[in-house]
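So, here come the structures, one by one.
What follows is chain A paired twice: with chain B in the first complex and chain C in the second.
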Partner chain A sequence: MKRGISFYIETVVLIVMIVLASTVLVQLFANSASRSRSAAQLMGATSAARSAAEAFSGTETDETVARTLEGVCLTSDDYLSDVVVAYFNDAGGISTADEAALVAVITSEDELQTSGDLRAAHIRIYDASAFVGASDTYQQVLDRASTVSAAYTLETRSFVPMHRIMFPMGPGPVIPSAEQESAMTDTAGAMLQVASAATITTQGANAS
Partner chain B sequence: MKDQPIKTGTLSILIVIAVISLAVLSILAYQTSRADYERSREYADATTVIYQVEAEGESWRASVDEVFFTQNTSTLTDAQLEQMLPDGTTVEDGVVKATFTEPVGSADGTATLTAELARSGSGYEVRTWTVERTGARSGESTYESIL
Partner chain C sequence: MRLSDTGAGRDTGTGSHVAAVALFAIVILVVLFLVIFGSSVYRSAVAHSAADDSLRATQGYIDTHIQAADAQDAISIGEGPQGSALVISEAGDTATYEVRIYAYEGALVEEYARAGSSYVLANAQRITSCSSFEVSWADEASESHRLLKVTTDAGTTFIALRSDGEVG
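Our next item is the complex of A and B:
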């Protein structure tokens, strides 16, 4: 088996070409994988932030936000401020702390007025790995949140009318229309008549 | 058998084809990941803006609610009520209305919140609360208030 100089040249050229191509392609594939991970994380973080924002809009206090998101509400040492910590999986669904891929840190401010409370929420979503062992106290969470960059942040506001502050579990007072009020008065009047007739009957029965 | 030449040319062609195939695959993977990221970025930007107009709407509603709570509005005409409400608010046929629009990204349309409150006695009911997206990805979301 004879091998000419052209064989060796071709072999060297092939090896160089393969090395160069491999280097470029590996970088391209690695870049693609990294970008896909970033895309998935951003999508999950956005979904988690939306869930947190909706929970904030539908509730009146930080405790109820935490309860809705199955998270925890941590209070500062002076009892003046709260921070809600909630856990989400990589798709943005609610998760447990142990299995979480994302952590939501929610702080809120109240702007009280005569008719209710205009609440503003600052929602920040972080990679859960950044919060391992740092979500036990209010100060720990805020310290970590200030040093780690968030995957996504969302600002939202929610107005809570006075009746929802006073009766947070109920749907609020229902103001009847004139027709409804008239019908209710008639019904109440009829019921009173029946009740008074029953009383008279009972009294009569007792008397006899 | 001894004198048969080694066919390096065929091997070269095979390797070149393999490298070209891998290159095409890598370009496709890169394009897909880039498109995924752009889609995610767009979703994130749109979400930010949608909640921004929601926040503007809630602030507006708080201002309107304050007027209804502190004043006896049942005796006021629509024109009188309009003067007491925040700028950009209209009152027509007993309906208090305002719209809030914000651009989504640099060239990806807008998000618009349309809020309508129907006067009812000395209070109001939320009649419409709609966020509409215009542009590349149009859509609409509404919710009925529990008020």
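Our next item is the complex of A and C:
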């Protein structure tokens, strides 16, 4: 009888130890899976932010950034500021709003200078599930962005020279080739000679 | 008289035997569950890691090449054997050479050749696995191109050319 009781006590102790050990292992595995998902999301978010930053650097206005990223540009009620919302898949590639895994919220500031526009962008990448039904208006997007923590944040700056602001579709300032420069110098020299000859003639005429 | 010799002793012995087998079964089931759960987590982690590696290898390689060679008119788009090709020109002392990056038979390949020569697939070096690769100008309407649009297995990304901004 005593032997039977001790056997059951040992069994209970063994089961408790198995449960404890398996709980610890399951927690470890779950933690590992969670970290793996976070790492994959961070990788996608980094790639999305990099792509958004490149699009920002290669364009002149918020509208063109939105058009390039196939997103939307939302304007505030006072028409003074914009926010660009773009959608990315889990690998950081461009996506549609319905299939997006990540949402990029891009706000920018312009600092106009005599030689051009120094633009600074604040790019924040969020999990798309946080923005479901909250990306229709400027205020909705900013409100949601302020309450949800971003998966990745990136600051970038870009300088847009004045000629690109004036002529966004090109061609920009013409840089003459060596031959063209030489021809222009010759022409300018000839014009100067003609002008100086005309001046001498006029002076001669005045003197006489 | 020993306990096992009686009927009660035989019952206790049978009960202990059943309990031991049940305990053994529980241990096996728990171990099996842990192995299956652990292997699925490991499989998922490896898949994520492989996808990340592929993404980094493709995008990082193209990014590095473009940033290193970003000069006026150095980057252009050519026609590869299976779609578009990214062409990076490099002026030598006597001739201009090109690095051509394009997709061929499920891989991203690189070919170094004299500018204007035809594509020779035998000379191309395999870089990484990539079933699709398309490159185009994001600002096609503009006369001066500043933004490359690169589409790979992972999706579409952009690379801005800085040379245009510096030179004008």
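Some observations on this one:
Note that the second predicted complex is superposed on the first by the 162 of 208 C-alpha atoms of A that agree within 3 Å, B and C clash if a C-alpha of one lies under 4 Å from a C-alpha of the other, contacts with A are read in each partner's own complex, and residues count from 1 in each chain.
By our rule, a contact is a pair of C-beta atoms (placed from the backbone, for glycine too) under 8 Å apart; a residue touches a chain by one contact, two chains touch by 3 or more.
Computed from a predicted structure; not experimentally measured.
Judged by the touch definition given at the top, the superposed model places A:Pro161 against both chain B and chain C.
Judged by the touch definition given at the top, the superposed model places A:Leu14 against both chain B and chain C.
By the touch criterion stated above, A:Ser115 is placed in contact with chain B alone, chain C being left untouched. Once the two complexes are laid over each other on the shared chain, residue contacts for A:Ala91 go to chain C alone; chain B is not touched. By the document's definition of touching, of the two partners only chain C reaches A:Thr59; chain B does not.
The contact surfaces that chain B and chain C form on chain A in the two complexes overlap at residues 1, 3, 7, 11, 14, 18, 25, 29, 32-33, 36, 39-40, 43, 50, 57, 158-159, 161, 171-172, 175. Note for the complex: chain B touches chain A at residues 2, 4-6, 8-9, 11-12, 15-16, 19, 22-23, 26-27, 29-30, 32-34, 36-37, 39-41, 43-44, 47-48, 51-52, 54-55, 58-59, 61-62, 65-66, 68-70, 120-121, 123, 146-147. Considering their complex, residues 3, 12, 15-16, 19, 23, 26-27, 30, 33-34, 37-38, 41-42, 44-45, 48-49, 51-52, 55-56, 59, 138-139, 141-144, 146-147, 151-152, 154-162, 164-165, 167-168 of chain C touch chain A.
On the chain A side of its complex with chain C, the touching residues are 1, 3-4, 7-8, 11, 14-15, 18, 22, 25-26, 29-30, 32-33, 36-37, 39-40, 43, 47, 50-51, 54-55, 57-59, 68-69, 88-89, 91-95, 158-161, 163-164, 168-173, 175.
Note for the complex: chain A touches chain B at residues 1-3, 7, 10-11, 14, 17-18, 21, 24-25, 28-29, 31-33, 35-36, 38-40, 42-43, 45-46, 49-50, 53, 57, 111, 113-116, 118, 120, 152, 154-159, 161-162, 171-172, 175.
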